[in-house]
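Here come two complexes built around chain A, the first alongside chain B, the second alongside chain C.
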Partner chain A sequence: MIAKQASRLTLFLLLAPAILWLGLLIVLPHVEILVLSFSERVAPRVYAFGFGNYLEFFTEPLYWRTFARTAFMSILVTALTLVLAFPIALYIARVAQGRLKAMLLLLCLLPFWVSELVRTLGWMILLRETGVISYALRSIGLAGQPVELLYNDGAVILGLVYGGLLFMIVPLANALESLEPAVVEAGYDLGGSRWTVLRRIVIPHAMPGIVAGCIIVFMLTVGNFATPVLLGGKNGLWFTEQIYAQFITRFNWPQGAAFGMLLLLLSSAIVWLGLRLTGQSLGTTLKQA
Partner chain B sequence: MNRPSITWKLYIAAFYLFLFAPLLVVAIFAFNASLFPSPPWRGFTLEWFTGSGTVVGKPGVLADPIWLESIGNSFKVAIPVALLAVLLGTVNAWVLERAEFRGKTFVAMMMLWPLVIPGVVLGISILAFFSRVTNGLEDWLQTDLDFLRPGLPLVVLGQLSFILTIATLIIAARLRKFDRSLEEAAFDLGASRARVLRTVTLPFLSPALIGAGLVALLMSFENFNTTLMLVGSEAPLPIAMYGQMREGASPAINAVSLLLMLGVGGIASVFALTSKAER
Partner chain C sequence: MASSTDLDIVNVTKRFGSHAAVDDVSFSVAPGEFFSILGPSGCGKTTLMRMIAGFEHPTSGDIRIRGKSMIGVPANKRPVNMVFQSLALFPMMTVGENVAYGLTCRGVSRAEAEERAGRMLERVGLKGFGERRVTALSGGQRQRVAIARCLVLEPTLVLLDEPLGALDLKLREHMKIELKQLQGTFNTTFAYITHDQSEALVMSDRIAVMNQGKFEQVGSPRELYHNPATPFVASFVGETNRLQGEAAAASNGAIAVRLPSGAIVQGQGSGAAQALAFVRPEAVALAQDPASLGNLPNRFEGRVSAVLFDGAASSLLIDTTGFEQPVRAVLPQAGPLVGIQVGAPVHVGWTADAMKVFAA
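Moving on to the complex of A and B:
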């Protein structure tokens, strides 16, 4: 009896940090913004339950357009990242051997250990009107005057794709690693062309990695703040910026909380959809990464 | 597929150039004797690191209180985050790997959850919740509880909310590989529970503990999204960099970035070495 009570106490003590962490830093804060998002100001310092914040989102074009734009561009960025990363991952996993392989993977990892702000600073120095590319174009005579490559959608997409690459390459390379060379060989022996083998054997095998990579890249992109704001300037228009503006600049917390819930919903919906369409589970997907 | 075509090889080369181009320009323009981090090249200088501003017009990193304070603030956040992440992560790993109870799958799922919440949402939810709690406590206790208002302690909590998941996963992965007969042998030889933990289990876990600590340190140093929402008047390094970048910074920001790259590179290589020792 005493032993049983003692083991119960041990279990409770072991669980206490997890309960405090998940309760105080995750669950209750989310309950708080959910409640906050349904409160409306009816008089100064007086709030009541209502759907006003969500209605405001649908009636104010700036808000829902920014939301739709963020969702659409994030999907585009994810697709571009996948296409760019696939040949690299295939090379690392299937072609490169020994030290070259280790080195290529390490070189991929290095830039991503460095802060996002540093990487964005690099792109700003390259792309801006007085920057390196503009200067190079002028000195070889391809441009007569300074070229502004910053503050447009192209720059935002470039920065976001750059930021997502690693998170695509690693799960892809992991998934491709386990593909048996004999299976690929058999595909060729049976008369398959390069394209057929890629489409019918390699890509289906890499599917868990593709799903994991796409989900992670999408989540990181949709939730990004610094890259679209710094590389897009006034044209950045990212939804996280709206959340920041409501919370910090305009001090309209209920509105900001509603935006936060919408972003969380978007992010979760796409993750769920991705898993559902491909029949994967979240646990195995996170393990891939 | 084993003989890569020349286009493929060229693509790989171009890719790595693309990967390193931004970092290279950041590093190079840290040494340019110009007021702005942009071409043309006006000569090599170390002023952006050590200068007091008399030569190039603005102070270098080591003479500028903005940078020194923000680096200090980053350490004030990163060290508690790393220590708490290792300590609590070890307990969590124990729950995941050793404890048996109903609802364990649920707890394990919940522990993964912070990773799929956007950092900005994590930030605002903690900001809103702690604001309510603090208001309630202040009314009740009739005192000021400023440490729960936006500021470095709240940043520590915000970063811990998701870094703890990573630390837990790293430590749990190591604990899973532990051969429990080693512990049993120690018990049979008459060792107490505390002694077994200290002399057998923890030494085995130590590479993962160091690794988790270093990863937590790095993630804390680099976190921007969650920190931005919870920061008060004392800005950690990424927040200070962001502010400077919006205003148009002097090459001192390149110098800070280069120092950061070297520091991160150092920590990452220690991590790579410890995880190699693990295998």
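Moving on to the complex of A and C:
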């Protein structure tokens, strides 16, 4: 009896950090935000239940346009990251051997030893009007005057793709590594071209890794704050900025909470759609990531 | 140019650094032939096969299929298909898609490819398996899918890289016969590589024995077994007793070999100062009465040191006076010696023809 109680206590103590972490940092704030998002200010310091905050989102074009733009750009960033990461992952998984393989993965990881802010500042040093690239263009005569490469969509996409690359390469390389070399050879042996082998054998095999990488990169991108703000400036128009503005600048917490819930819904819906379209289950995908 | 051979290997050499994995090998395979390359692991047979398939490129020499040189032709353009050791079925496809894959690669329409794949599956005894996942098949069925996937393309030559290695013994015995029958029905040329001499002996029309990158001997299974050309072939193909000694008197192909103990054995062949002599266990006659071995030139007496019972393949190990190693002899499971026990005295003998002698 006592032994049973003791083992139960041990289990509880072991689970406690995880439960506290999930409960206090994930569940509690979300419940709070959900409740908050349904409260409307009817008079100073008086709040009542209502859908006003959500209505505000649909009636104010700036909000839902920023929302749609964030969704579209995040999908674009995810797709670009996938296209860029695939050949790199293929090389790491199938061509590189031993030390070279470890070194290449380390090279992908290295930038993440520096904080995201510093990495983004690095991009700013390269791209700004008085930056390295602008200077180089001028000195080789390709540009007559300083070129501003910051504060546009291109810069935002560049920064986000760069930030997502590692999280795409690792699950992809994992998935590709488990592909038996003889299966690829059989694909060629039976008359397949490079493209056929890639399309019918390599990509279907890597599908769980592709989906896992895409989910991670999409989530990170949609919820990113620093990169769109720093590289996009006023043109960044990322939905997280709207949330920030409501909470911090406008001090309109209920509105910010509604935006937060909408962002959560958006990412969940797109992930669900992605899994549906590729016919993958969340279980196999999580194993790959 | 019309060619009477399906495959010609002409002086092919493959070097990895300074090591020659395949060293100046030449041979031809006739249409419809079941040709095996038999050798221990690391002898270069896999490299040779991969060069024929197009996954490796010879350092020098030529590979011709129906008279056309394959040098510079990529693997996916060669009229050769391979059954891999691991089978390498496509796990992301159904059985039917696996078989139809090669056809669709050639631009055959989807409907026709499916129909032809269905017919092929029927011919290999897998009718109605088209929709199954390959992971849901048994070992023998997977084997047949791997072969069907090649045969549906009607290749000039099918390469088989130890495809039976992963099967359990019973199934392997069964698949040996099945493979041979399949090859007969389709009348396709098979090139088979294996380290298992029994697979090669049972299935092949001709066998090449390969060792350290070179062919030791090419011939029919019987030739290899009864008339090995080199000591390596004599010891690698089939069971044998190996004796080492020095050549004594030789005349007209007959040769006497003196063993370190001073005992002399009579055999056929040639030997320099050092000689190796081989005699098959089934050529060793056993008797309890020395008189019944009276006319044999090699007669010795010994004691049974072990009885290795294996049904029809049972044998005895006999500690024989004058021999360093016990002599192995087949123990017939009918006759006076059936019940012989360890320690029993026994007389052994064999003809001079049964003993092959080589210079060491």
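Remarks
Just so it is clear, the second predicted complex is superposed on the first by the 260 of 289 C-alpha atoms of A that agree within 3 Å, B and C clash if a C-alpha of one lies under 4 Å from a C-alpha of the other, contacts with A are read in each partner's own complex, and residues count from 1 in each chain.
Heads up, the rule we're going with is that contacts are C-beta pairs under 8 Å (C-beta built on N, C-alpha and C of every residue); 3 or more make two chains touch, one makes a residue touch a chain.
Only a predicted model underlies this, so the values are computations on that prediction, with no experimental measurement involved.
When both complexes are overlaid on chain A, chain B and chain C end up sitting side by side without clashing. With both structures placed on the common chain, the touch criterion links A:Y162 to chain B but leaves chain C unconnected. Once the two complexes are laid over each other on the shared chain, residue contacts for A:Y135 go to chain B alone; chain C is not touched.
In the superposed model, A:S193 makes contact with chain C only, not with chain B. Of the two partner chains placed by the overlay, only chain C lies in contact with A:A182; chain B stays clear of it.
For chain A, the partner with contacts to more residues, out of chain B and chain C, is B.
In the superposed model, A:L263 lies in contact with chain B only, and not with chain C. Of the two partner chains, chain C is the only one touched by A:I201; chain B is not. Taking every C-alpha atom of chain B against every C-alpha atom of chain C, the smallest gap after superposition is 9 Å.
The residues of chain A shared by its contacts with chain B and with chain C come to none at all.
Only residues 53-55, 74-77, 80-82, 84-86, 88-93, 101-102, 105-106, 149-150, 153 of chain C touch chain A when the two sit together in their complex.
If you check the complex, the residues on chain A that touch chain B are 11, 14-15, 17-18, 21-22, 24-26, 28-30, 32-33, 36, 84, 87-88, 91, 94-95, 104, 106-111, 113-126, 128, 130-132, 135, 162, 165, 184, 194, 197, 219, 222-226, 230, 240, 243-244, 247-248, 253, 256-257, 260, 263-264, 267-268, 271, 282-283, 286. Considering their complex, residues 180, 182-183, 185-193, 196, 200-201, 204-205 of chain A touch chain C. Within the complex formed with chain A, the chain B residues making contact are 1-2, 4, 8, 11-12, 15-16, 18-26, 29, 36-40, 88, 91-92, 94-95, 99, 101, 107, 109-122, 124-130, 132, 157-158, 160-161, 164, 218, 221-222, 224-225, 228-229, 237-238, 241-242, 245-246, 253-254, 257, 260-261, 264-265, 268, 272.
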